[in-house]
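Here it is: the structure, laid out below.
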Amino acid sequence: MAKFQCLAEAVAENLKDGDSVAFEGFTHLIPHAVAHEVIRQGRKDLTVMRMTPDIIYDQLIGMGCVEKMIFSFAGNPGVGLLRRFRDSLENGWPLQVEIEEHSHAAMANAYEAGAAGLPCAIFRGYRGAELTRVNPNIKFIKCPFTGEELAAVPSLRPDVAVIHAQRANAKGDVFIEGITGVQKEAVLAAKRSIVTVEEIVDDFGGISPNATVLPSWTVTSVVAVPGGAHPSYTQGYYGRDNAAYIEWDKVSSDRDSFTAWMEENVLKQGPEVFETRVAHLKNAG
Amino acid sequence: MTNFTPSEMMTVAAARALKNDDVCFVGIGAPSAACNLARLTHAPDITLIYESGTLGTAPNVLPLSIGDGELCKTALTTVSVPEMFRYWLQGGRITVGFLGGAQLDRFGNINTTVVGDYDNPKVRLPGGGGAPEIAISCGEIFITMKQSLRGFVEKLDFVTSLGHGKGGNDRAAHGVTTRGPTRLITDLAMWEPDPVTKEFTVTSLHPGVTRDQIRETVGWKAKFAEDVGETPAPEALELEVLRDLHARTKAAHEGK
Amino acid sequence: MAKFQCLAEAVAENLKDGDSVAFEGFTHLIPHAVAHEVIRQGRKDLTVMRMTPDIIYDQLIGMGCVEKMIFSFAGNPGVGLLRRFRDSLENGWPLQVEIEEHSHAAMANAYEAGAAGLPCAIFRGYRGAELTRVNPNIKFIKCPFTGEELAAVPSLRPDVAVIHAQRANAKGDVFIEGITGVQKEAVLAAKRSIVTVEEIVDDFGGISPNATVLPSWTVTSVVAVPGGAHPSYTQGYYGRDNAAYIEWDKVSSDRDSFTAWMEENVLKQGPEVFETRVAHLKNAG
Amino acid sequence: MTNFTPSEMMTVAAARALKNDDVCFVGIGAPSAACNLARLTHAPDITLIYESGTLGTAPNVLPLSIGDGELCKTALTTVSVPEMFRYWLQGGRITVGFLGGAQLDRFGNINTTVVGDYDNPKVRLPGGGGAPEIAISCGEIFITMKQSLRGFVEKLDFVTSLGHGKGGNDRAAHGVTTRGPTRLITDLAMWEPDPVTKEFTVTSLHPGVTRDQIRETVGWKAKFAEDVGETPAPEALELEVLRDLHARTKAAHEGK
């Protein structure tokens, strides 16, 4: 059964130094509030994974929390490159991050296989692609019926999955809608999970009989953090803060402005700040 | 004739290449503009799919990112990302996929991974994302890229996604049965692979572009088809719809 | 793009002698009306597949339409055995049906793999189960990362998928909700598909952004057959006719009563009869 | 003491074996009655899952079939059948799975496929359905079956689903890490596997049942634990709730 907790407690109890962690979200519902709490608590040596690591991974890397990153597309979506990630990879600042790089199809299949309790995923992929040369976790197997060669990757089974969702009900079941990405798979593939939500309601009311719902007993910790996805968005609540993504390109462009921004906007703040950050975006939800 | 920019020409040319019954796997940027321009002009029933899971979407403004809420709100339905890559892309349901990148070679292979050595990068790029499987699973691939010596290179630093490989039958030798890059649409010209060698060949120059301009912006010895035509300039309606789309998009992204 | 057709046309155009056909449905939404039309048109030599073949497969087999059946559970759900299927297997009446037998997990994975365009599915299954001895389409492969042995089965890719759904819109997109079984996978795995629906509406209105919808361009033929799932049910429209399932046990118990029943209730009828059959079940929908 | 039938005793005993935090993969018939009886008495938060895709369902009447509308309408949510078998069953999320069948052997292996030879059947049964993977993927398996010489056999005609195989460590030798059949709940007794040999052993007789009755309804030489207790008779509340459930079910299935 999911435990209702405050954010500091949820992170302290469930996310340890050295853990492998998926902060998932596909543009939508990215769990910024949890990542900031992880940075405040000074976690180290994390193996982070995500299909589309963006600002929060830039921040986690820049703050020295990350030892290794498993990913398929590391960019500031619609804006450009991730400058803290680049600085780590190109110059080793503040640490040299180890990378394991895949394609989107590989990562999506690997989460799916993790949720399904399998050790690996197979798919038709990577033909003629050079990642096969640099990533030993890409192999090929033969279909036992047709002889076709198919790509295989190990399933992704993080210690902790972190996601943001629209609502939890009083039992701790979690409801997600809109672009759901690989979040359900990440939670089901993980040993533990932290889910922040916009609100906790008595019950979900008239949702679809086939709605995406994570039963309470598949979730470890539920935390209400209104606005917790900012500058990402939560469909039905607030729109994406595109200006913040564009601003990040500048903030992250050098080490000093990055460090100052993190001090001011993350280290000195708490989760309650997120609600105020989305106030002007409510109409766009 | 109306004035237009090379970017606009590129987008209009890409839009024209799309048919009403196409099912497109759309990327952010030029492909997104081209696909939606096609939808708003000659191909109203075209199916647009973004890798975030949105099926049959009809955004009123262009998304800044592949997973903007606008895509979901205007979609027929939205599926999970594993389903998108399994049932829709790998399932062979996409007729046209769009790709672009930091580096392109004459056979339509693309690099979006790294400039320099993989283990010791000069510039670490975002990586492949969906490209490795888009490149092999879609019926055909349209590449949109602005020509430059930095981008159109003799040899890629890294092969993120397969085009025609080393040319000829190399693509098929990799076990790939889809057609691969069939068009390269740039700010200066339209290119198509030579039927035999599979090397990209200029088939049409955009209005006012010279052969020298092509040669000067390509890091290999550019080839031209026997008959090189002139791309018809954008029509007034095409430009109007495209500019309206960009204006709506700009207003929306700046917070109206 | 889906074609709107009448049932006779849809079957005549899309379902030929010798085809492999999945009439899918998991208790809910079983496409009885199409199966009856197939029987009326006298199709022969079909390879039929379904996880839970029930009355319609008993009818198809009893009427001599079937050469081979791929399945995982052949019973009259909640009632008992399938007597026409047994008569075929045990006594060869009217024909000896060839069988390829799997578990539910295998069939579900095989449809999923078919929808995903893969030649085979892998899963953790069949350990210690004797079907591996009698079904050569069950093999085992080794995970290239862990060495674990996993079961593999060929994907299911029927010539034709036949399903029943709640609604189509004016474009021919199909909306399904409730217990959706493997119907979406069956349609996406098939070369062609026939979908009967309770009604055709202008648009779907306020359905979930993540609703189960088959886009028009994935469907071959859409036919409005109100009540077309009877005696199965259509959630939101009418309830299951449990009495009919219980009655079938008696009807199918001997060859003469079966033949007479089929003559009266299938051969002499058309699709319009289904609406009247569900009239008394509307409250239970 | 209230009167009760052997069937009622079996259902009540099975219900009592379930805990409030169990996640059950429920089959039709006795397991469905037992799981819902548990939910309506001592285990209100128990999670019931039917293989048709319904997660966390709370039916007011027992389903006639595994996919009745009542299951979906009262469920937390309903997923596709491939997802059910991949994420929920194979994913290792089920604590207790129920099985039964036409034939059972002393090690909890089950036959629901065929009586006689597979290729030349005397009685063709429905087949395995979910059983082969339920048997290996659930944390543990409860078997509910009425005792009879026809059903409790020395040797199965066909092994549809694995129990403890040939006993001892044979289950593990098949690469299976779950516990397998931990309880056999019949109309006459409670059985548990011997810790070493894994042969089912009577641990408790239902009220009024003799050892001879056990021996006469089992096709192998029945073993008894050192201490054989007596199963507590159904309590008045248990019977009342169970009978109400059956009465509601009968009314509903007959069309009210």
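By written order: A, B, C and D. Residues from 1 in each chain.
As a working rule, a residue touches a chain if its C-beta (ideal position, glycine included) is under 8 Å from a C-beta of that chain, and two chains touch if they have at least 3 such contacts.
A quick map from chain label to UniProt name: A, C = CoA transferase subunit A; B, D = CoA-transferase subunit beta.
Because the structure is a prediction, the values reported are computed rather than measured.
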>> Going by the touch criterion at the top, tell me which pair is linked by more C-beta contacts: A-D or A-B.
In response: A-B
> Where the centres are mean C-alpha positions, what is the separation of chain B (CoA-transferase subunit beta) from chain C (CoA transferase subunit A), in Å?
Replying inline: 40
> Cα centroid separation between chain C (CoA transferase subunit A) and chain D (CoA-transferase subunit beta), in whole Å?
Replying inline: 28
> Which parts of chain C (CoA transferase subunit A), given as residue numbers and ranges, touch two or more other chains?
Replying inline: 112, 116-118, 123-124, 148, 178, 180, 185, 209-212, 235
>> If I count partner chains per residue in chain B (CoA-transferase subunit beta), which residues reach a count of at least 2?
In response: 72-73, 78, 86, 90, 137
>> Can you give me every chain pair that touches, using the contact definition above?
In response: A-B, A-C, A-D, B-C, C-D
> Which bits of chain D (CoA-transferase subunit beta) are touching chain C (CoA transferase subunit A) when the two form their complex?
Replying inline: 28, 51-54, 63-69, 71-73, 78, 80-82, 84-86, 89-90, 109, 113, 118-119, 121-133, 135-137, 158-162, 165, 171, 174-176, 253-255
> So in the complex, which bits of chain C (CoA transferase subunit A) are touching chain D (CoA-transferase subunit beta)?
Replying inline: 26-28, 51-52, 71-75, 77-79, 81-82, 85-86, 89-90, 101, 103-105, 108-109, 111-112, 123-131, 134, 148-149, 178-182, 184-185, 212, 233, 235, 239-240, 242-243, 245, 280, 284-285
>> Applying the document's contact rule, which stretches of chain C (CoA transferase subunit A) touch chain A (CoA transferase subunit A) when the two form their complex?
In response: 116-120, 122-124, 137, 139-141, 143-146, 148, 150, 152, 154, 177-178, 180, 207-212, 235
> Once bound in the complex, which stretches of chain D (CoA-transferase subunit beta) touch chain A (CoA transferase subunit A)?
Replying inline: 21, 23, 47, 55-56, 72-73, 75-79, 86-87, 90-93, 137
> Across the complex, what residues on chain A (CoA transferase subunit A) touch chain D (CoA-transferase subunit beta)?
Replying inline: 1, 112, 115-118, 173, 185, 188, 209-213, 215, 217-218
